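Down below are the structures I want you to see.
Two complexes, one shared chain (chain A), two partners (chain B, chain C).
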Partner chain A sequence: MTGFEQYFIELADTHPKWNFVYFYQEVERSRIITGIYYTIGLSILTVFFSVVVGLVGAWMQGSKSKLARLTVQGFIQFFRNTPPFVQLLFFYFALGQFTPTHSPDGWLEVPIISNFGWAVISLSLFAGSYNVEIFRSGIEAVPVSTREAAESLGYNRFQSFTKIILPLCFRICLPSLNNNLINLVKTTTQAFGIAVPELLYQCISVYNDYSTSMNAVMLLMFIVFFLIVGLIAWSSSALERKLKIPGYGV
Partner chain B sequence: MNTWTEKEPILSIKDVHKSFGELEVLKGVTFDVMKGEVICIIGPSGSGKSTLIRCVNALNEIQSGSIKVEGVEVNDPKLDKLALRRKVGMVFQQYNLFPHKTAIENIMMAPIQVLKQDPKEVEERAHTLIKKVRLQGKENSFPGELSGGQQQRIAIARSLAMEPNIMLFDEITAALDPETVKEVLVTIKDLAQDGMTCCLVTHEMGFAKEIADHIYFTDRGIIVEHGPPKTFFTDAKDPRTKEFLSQIL
Partner chain C sequence: MKNNFSILYTYNKKLYHTVDSTRFSFWLVNSGYKWCIAFLFLTILYPVNAMASNYTYTMAFQAFLKWVPLLVKSGFVLNVIISFFAMMIGTALGVILGLAQVSQYKIVRIFASSVTQLFRNIPWLVLLFIIMLTFPFEIETDDKIYKIPDWTKAVFGFSLPIMANISEIVRGAIKSVPLGQWEAAESLAFSRQKTFWQIILPQCYKRMIPPWMNWYAILSMATPLVSLLGVEEIITLSRQAMEAENNNPELLIPFYSFALLIFFAYCYPIAKFTIALEKRYAVKL
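Let's turn to the complex of A and B:
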């Protein structure tokens, strides 16, 4: 037993409300590590896919096809006007019934999309719906004349979208995109509702094992999320500085 | 099959009508431009000058009539826009450079990304063009770091990099201060002397007089009067032309 562990064992003895059980109990420690691992994994995947959803949606919104535009509009309205937690439950419990199953061990039938998979899908679509609107605002801030210049140089819609409009749009909407992605990372705790073993889920498990650890797990949750979100905010502002164009307003 | 030869007009506009909703901007415009010719379109604001040359580049659609560039009909839903835009370069009033790219990147982008040409060869050409518009040393400046006149010259070089056969200039000096107007006009003059076919919409009467082979005066969507600069400026017949010229000269 190391001095570090010894210290927290004694602390729990002298101050029973501050039982940092995950610092000296192997089982609880591994719960927290798994939780952090899942929270980070969920965050990275949902951030990535929500940006993809946002880009595809923003591209479709500029489409000539009315059907494509209406589809995006309906998608945005559905995901923006309903609570993400309800969406999560709906995806897992309602849609989850209809997905095919497979049997990896030959005994148990499990759905091909796990609860983790549903959390990624549902949260990506939820944040993606906001991202579509964020990207749209950025695209609309790029002057029409810039688009016409690209067009007159022979760029087709896809080329001018990827080579000219997006690089400019991205610089404009980075701050609001950043806000939404930070919100998304915090919303990943709701995956707790469908038993994804992320940090909140694990912290509650630890608390269920040791009711004296409540303060300690809450403190841990705050610190971990504070650091993850801090990292995102820091890298976003670093990116903003890096993308700054000399002599250009944005 | 395109049977166009250099003896025929490189740009042929016939009875072009164009409306924005209820508002009819062009009410039957007809004229031809031969290869190597420099024409200037002048006229009061709102007379449809800019719209006309935007239609040539298919930035605006026309309702009826015909616009042919090297014998190819522009007013055609099946038009190969890339092929048209390779032939027709356009420079705008507000320069419209891509602000996130340096001057030389602005020039190189389209040939590399759209025409898929060899980057090395394009870079060489870009350096030649920068020299041609007299902006050596500004290769790595961003548009925001250049003056209006410098930006406009980069915009001209950017269009030239596509090696077009016709250049359209849409009031390209209108947003510039009088001192920088000159440096842009010198660039166009060089171009005209090299034999480039140019269509200019302009308010620079002195320049039009000096450079144009033919001048067209438009008002309220029609060509009121046209002629070579010598007779046009001294011997205008139509009262509207006379009034316009008296206000300007």
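Let's turn to the complex of A and C:
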């Protein structure tokens, strides 16, 4: 036992309200580490898929067919005006019934999409609906003459979208995109509602195991989430500065 | 002589009958083998019957309709109340914090902006858990115990992130007024205070209203989170209602779709109105 662990054991003895159980107990420590691992994994996956959803939606919004545009508009309005938490519950409990099941050991029937999978799907769609609007505003900011120039050079719609409009649009809408993605990382905690073992869930489990560890667990949650979100906010603003179009914007 | 003392009544077997758990097994043992076979048959039939239960979506929907008034009246209304009070408190605190962010004194500015950043960067759910679990559920004074209803703690938990975001809105609105106006006011011999209250702030109200409404919509969409902490709002009541209807999986679709729809019906008009206001108040360049 190291002096570090010894210190917190003694602290728990002398100050029963400050029981930093996750610093000296293997089980609780592994809980916290799994929680951080899951939070980061969930964040990375949802950020990636929400950007994909946003790109596809923005591309569909510029399409000629009215049906496609209406579908995207309905999708955006639905996901923007309903609570993400209820979306999670609806996806996991209500739509989860209809997914096929497989059985790994011949006895259990496990749905193909786990609660983690549903959390990724529903949160990506939620943030994706915001991303569609963000990308659309970026696309609108690209001058029409640039688009026409691409057309005159023989680019088709897909090529001009991926090779000309997107690189420009991405740099224009990066600030609002970052804002939304930070918001998304904060929303991943709501996966607690469908028992995804991310940091909040694990912290509450630790608290349920040791009720004396309440203050310590709450402090840990506060600091870790502040650090994760702060790190993302800092790195994204650094990226913004790096990719800034010279002479564009403030 | 007649009186009403119950102790004088004669023993009534029906009145004082108690449930004896052993009675059924005694009876079963003493009854003939025919009954035993009949019960054995029934126990075999039960799972077969349960598996072949034909609980359809129409039945689920009818069961759901029965619960709608409760879900709306005591569920959704509580959501609205929580969001309303949280918005009031959050706005009041946020305006003060936002004004502090543009203060003349550096210490006040640093303090206000660090509080703002702290509460903006924390997930709402984490903050809610911290507030709901660490704050007392009752306050004891010398002669009385005051119970604190859990939804008031939820209001407090929501008002903190709202405070931080409103503070950013106020700061942004004040910063969006061109610096030239400050200088013009100064040249007209306005004091800093007068410039602020009579020239800068009146221009800010219009710019603050659309984002303020946007945050109200976000807040009201966040209120179902408190169901994780046991506040009896629409999602908690939906779960309880589904339990009361024997937890049939068919119930999930109507109940959760209703929750989605009612929030949509509440937030969509706000969003539309916000966009309309934004267009009307847009600064014409």
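By our rule, the second predicted complex is superposed on the first by the 244 of 250 C-alpha atoms of A that agree within 3 Å, B and C clash if a C-alpha of one lies under 4 Å from a C-alpha of the other, contacts with A are read in each partner's own complex, and residues count from 1 in each chain.
Going forward, a residue touches a chain if its C-beta (ideal position, glycine included) is under 8 Å from a C-beta of that chain, and two chains touch if they have at least 3 such contacts.
The model shown is predicted, which means the values in this text are computed figures rather than measured ones.
Once the two complexes are overlaid on the shared chain, A:77 sits against chain C while remaining clear of chain B. Of the two partner chains placed by the overlay, only chain B lies in contact with A:245; chain C stays clear of it. Looking at the shared chain after the overlay, A:6 reaches neither chain B nor chain C. Looking at the superposition, the partner that touches the larger set of chain A residues, chain B or chain C, turns out to be C. Of the two partner chains, chain B is the only one touched by A:171; chain C is not.
With both structures placed on the common chain, the touch criterion links A:149 to chain B but leaves chain C unconnected. Applying the stated contact rule after C-alpha superposition, one finds that A:237 touches neither chain B nor chain C.
Residues common to the contacts of chain A with chain B and with chain C across the two structures: none. Those residues of chain A lying in contact with chain B across their complex are 143, 145-146, 148-156, 159, 163-164, 167-168, 171, 245-249.
Residues of chain C touching chain A in their complex: 118, 121-126, 129-130, 133-134, 217, 221-225, 227-228, 235, 249, 252-253, 256-257, 259-260, 263-264, 267-268, 271.
Interface residues of chain A facing chain C in the complex, by the touch rule stated above, are 77-78, 80-87, 89-90, 93-94, 97, 182, 186-190, 192-193, 200, 204, 207, 214-215, 218, 221-222, 225-226, 229-230, 233. Chain B makes touch with chain A in their complex at residues 57, 59, 81-82, 85-86, 88-90, 92, 94, 96-100, 109-110, 113-115, 141-146, 155, 158-159, 162.
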